[in-house]
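Before we start, here is the structure in question, set down as structure tokens.
Per-chain numbering from 1; labels A, B and C assigned in written order.
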Amino acid sequence: MDKGMDQNKSLGTQGLVLREATIFERSAAGRKGFGLPPLDVPLKKPSLYKRTHAAELPEVSELDVVRHFTRLSSWNYSIDTGTFPLGSCTMKYNPRINEEIAALPGFANIHPDMPVELCQGALEVVHTLEGLLGEIAGLDEVSAQPAAGAVGEFTGLSLIHAFHAQHNSPRKYVLVPDTAHGTNPASCTLAGYQTITLPSGPKGILDIEPVQAAIQKYGRDIAALMVTNPNTLGLFESNISQISELLHGIGAQVYMDGANMNAIVGMARPGDMGVDVMHFNLHKTFSTPHGGGGPGAGPVAVRSHLAPFLPNPRVRKSSAGYSYEWLPNSIGKVKSGLGNFGVLVRALCYIRHHGRDGVTRIAKNSVLNANYLRAHLSKIFQLAYETPSFHEFVVSDSRQLKSHNVKTLQIAKALIDHGFHPPTIYFPLVVPGAMLMEPTETESLQDLDKLVEAFQDIVHRIESGKETFDNAPTKTVVGRVDEAAAARRPVLSLDDRTL
Amino acid sequence: MPSFPLTPDEERRALEVIGVQTIEDLFSSIPPQVRERAKMDFGEANAGLSEHELRRYFDGIAKHNTQHTSHFLGGGVYDNIIPAIVNQLVLRGEFLTCYTPYQPEISQGTLQAIFEFQTMICRLTGMEVSNASLYDGASATAEAVMMAQRISGKPDAPILMAASTPPEYKTVVNTFLKCNSSPPIEVPWNKEGSLDEEKLKSLIAEHKPSALVVASPNYFGLIEPLDVIRKHLPADCLLIVTMADPSALSLFETPAALGADVVVGEAHQFGTPMLFGGPHVGFFATKKKFLRNLPGRLVGETVDDRGQRAYALTLATREQHIRREKATSNICTNQGLIALRTTIYLSFLGKQGLIQLGEMNYSLFDYLKESLASHGIPLKFKKGLHYREGVFEVPNLSVRFDKLTANGIVPGICLSQKYSGSQREEFENALLVCVHPGHTRAEIDALVEGLSHG
Amino acid sequence: MNIPDGLRYTKEHEWVLLGTGAKEATVGITQYAQEALGDVTFIELPNVGDTLTQSKTFGVVESVKAVSDLYAPVSGTVSKVNKAVLESPELVNEDPYGKAWMLTIDVSSLDEKTLMSADQYRTFLEEQH
């Protein structure tokens, strides 16, 4: 009997995994947890608006908490566990020195309203990082304030809004290619703009013609073009310079979503392509661990004509040290304080760790790894575009779907049993049955070879008609989760069960 | 330099498999003029640093921030005592380096922890549903306002906001509303620092708002009479309560019981350091009837194909990656790891611990207030119900502030820096002073001593 | 694929059952639509008495990871809404042409050209693929 991959070779195996109910179900009335320091002033209690029923938090011991969360953690797949070819997410390993540095008391324990003379170090971090990001972007000024990529997008578009308002030229539309992340159109709405979707060309990149056609049709009602480069197919928008010129010709701005900077950092600078404003995703390119969904940071970099509108306050350096400057025409604040400072510390640590030449290696190695994986996987899956790709690439399930009616989702779930995180599936929307793969620069060839073997084994089993993986994954702590039931009758808290 | 995995041999092998000569060839679709101009100068940062050098460099920077011995800063960011296990558990790689839980079969740990977070936020605030968290208290407030506008069906619906909301929250809300509607209309505070009910009534009549935003405790540390305020509001006007200091929920009645429709706020003080302002964690709780208008992620309980209890992200059709320009928000991420810190902290602090924490904050402030009053430094808003912070009128404030600061004691926030115009004049000698659970009587005595002389 | 004769169809993959004299129309989504969406989790419909305009959106069908607008196949006033399908959206997957009817409309006007016969809809589906 052909068992496909030798089970002794598959990374995915089964070990002892412990069950664990919610922390509330560990609770025992009267059990004491964390001990606060003794109160050395008289005890006082409010007499008005007193809470009538105490909040039902758990009553658990230190070991209860440690066991509970340690067991929970063992149910997660993570970078520390294995390879994560998750396209558009840049799930790379982040050096642990970042964590140590960000936890230094001099960074962690600083209140944002500390008088400037007592937080010069914090201001130095922000100022230095903004300078380095500006150099990487090839742009003039940077604000590290936005809390995430989506806030960066909103900030950048608001700067554009303010710029056009100052020139008495209010505009309506933002051009967005059809390969864009969903955030882009959502941010446009938030910034008061309507989105015009531009079709990408046969090579997967934006051609000049649809931009010309849009300009013909909407003219000076176009506020900006919002483009991700390299785009979400992992392809470099090589017409970007000409397209930027066209937009500048009608006074429109060029916004670059820097989600994929990992592919070009040090190799190409947005400012050199005609970009007026961009955001970085520091948690992707400059290394804050994903943490199961945040926190991140989304600094914006701008050309000087947009700088007067940047979020307040700016950090300035003079011979007297660092200080705040409040810009009169600023769009305001987009986040409390100066941003997600802890993430900024990690980014500065990471950039200083690499140095100028090191950051270029990020791009080189991530693109090399992606193309290595692409060379192997294009033999078993349909490659979506022949155009040379950068840090990520798209294949589709069309062969497997046609021959054996096995869909992308089954392939993705089957990969889990092999010990890998699935690629991004069904995105970008322009490729039916898309699998978007981004191995990142921190994977070794050995690990990529194992990933290729896993894919080969899955495809072999499908194409030999042995399996359709309808029930995959089988080795995980829970099996296929009923997401439809979750959405039909939402249960969103423990008390919701009885609502 | 950090460690890259590829050896020179492997690099050659990879290039061979790909079928190109050099790595540079892989970048050939970058236009040559763009490629040539990509010359960066990092100055002194051109050379990479080893771990040892990084430690030396950052220790040198960080020590400029540790010259004070005690501080009384609050106003939305609160110093707190963090149990060792919080820092230890969040460093587990399975939490630290996992992805957003889109693949539920390999993300149950994160999903269950968020479900527990949602449950805790509901129990703290008294509301029916909570999302998986937002960036911070200010952005959660902005999202609440935009949700109220969505529910009203008018994207530019008028919004009232208490002027006593933390200034940063107000400016963030303004920025987010700016492009699609007018900024919120401010409802002034009365001479006792609370929401001016007469002004509220006339502003409601004039503007027919979709929502009122009230901070409680407000920026001056005062608990607002939410039940009284609710009575002034028309039925279709949402009461949004924003809580920069949710530790007040330990002692004070829940906003839900007093008539709030939405409760948002900032939860960083539950186990996350101040970090110069972030990353922190916003929370967002409301009634179940508004579920489909909620921004951000939600985790729901369901079952797997083996009949086991399981969790999954749910109602994703509200979100940007599906609904694009029609999404309820452009938000992509929650503050996963910070929400986890909050969940661990609140688990360990527990039901009794939370009450003890609240009593500690309340008692320390009471002691501070009485001591300052006996030294001739009264509260500015004497009649109100304070929780852990308050505004004091300090004679000769700037001199005393500088003197204390030079001695390593940061006495609070000078409110004149936070306001402009007539409000700035009102606060010329006003200091917002806040206590923290770690404060001792001796520290407070030293502050009182310093503020009452010079 | 199940495409019952006797119903009319729209390009938005809705079916319409016209009563005698085309005074009343019952509306649902087709087998093709429910398969494309996957497990339906939520449906939003107008209220009885609401006025609909042909080809304008009147509701939403959601599955776990997709959202689809509903477009009025005729103009008129909503006379009945199927509460069962609102409470159990899975009916759309189980019985799209039967239990999962969504609403009936008192027709004020309709454009015959936009409504396909079963044969025309079959051809339309083939052309799309």
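The rule we apply is simple: a contact is a pair of C-beta atoms (placed from the backbone, for glycine too) under 8 Å apart; a residue touches a chain by one contact, two chains touch by 3 or more.
The structure displayed is predicted, hence computed values, not measured ones.
*Asks:* Of all the chains shown, whose C-alpha centre falls nearest the centre of every protein C-alpha atom combined?
*Replies:* A
*Asks:* Please flag the chain sitting at the greatest distance from chain B, going by CA centroids.
*Replies:* For chain B, the chain whose C-alpha mean is farthest off is C.
*Asks:* Which whole number of Å gives the spacing of the CA centres of chain B and chain C?
*Replies:* 45
*Asks:* Averaging only over C-alpha atoms, locate the centres of chain A and chain C and give their separation in whole Å.
*Replies:* 38
*Asks:* Give, as an integer number of Å, the spacing between the C-alpha centres of chain B and chain A.
*Replies:* From the centre of chain A to the centre of chain B is 21 Å.
*Asks:* Considering chain B alone, which of its residues make contact with at least two other chains?
*Replies:* 317, 322-323, in rising order.
*Asks:* Residues of chain C that contact two or more other chains, please.
*Replies:* Residues 41-42, 62-65.
*Asks:* Give the residues of chain A touching no fewer than two other chains, as numbers and ranges.
*Replies:* Counting only residues that touch two or more other chains, chain A contributes 483, 487.
*Asks:* Over in the complex, which chain A residues touch chain C? Could you list them?
*Replies:* Residue list for chain A touching chain C: 426, 483-484, 487-488.
*Asks:* Show which residues of chain C lie in contact with chain B when the two form their complex.
*Replies:* 41-42, 62-67
*Asks:* Which of the residues in chain B come into contact with chain C in the complex?
*Replies:* Touch list, chain B to chain C: 292, 316-317, 322-323.
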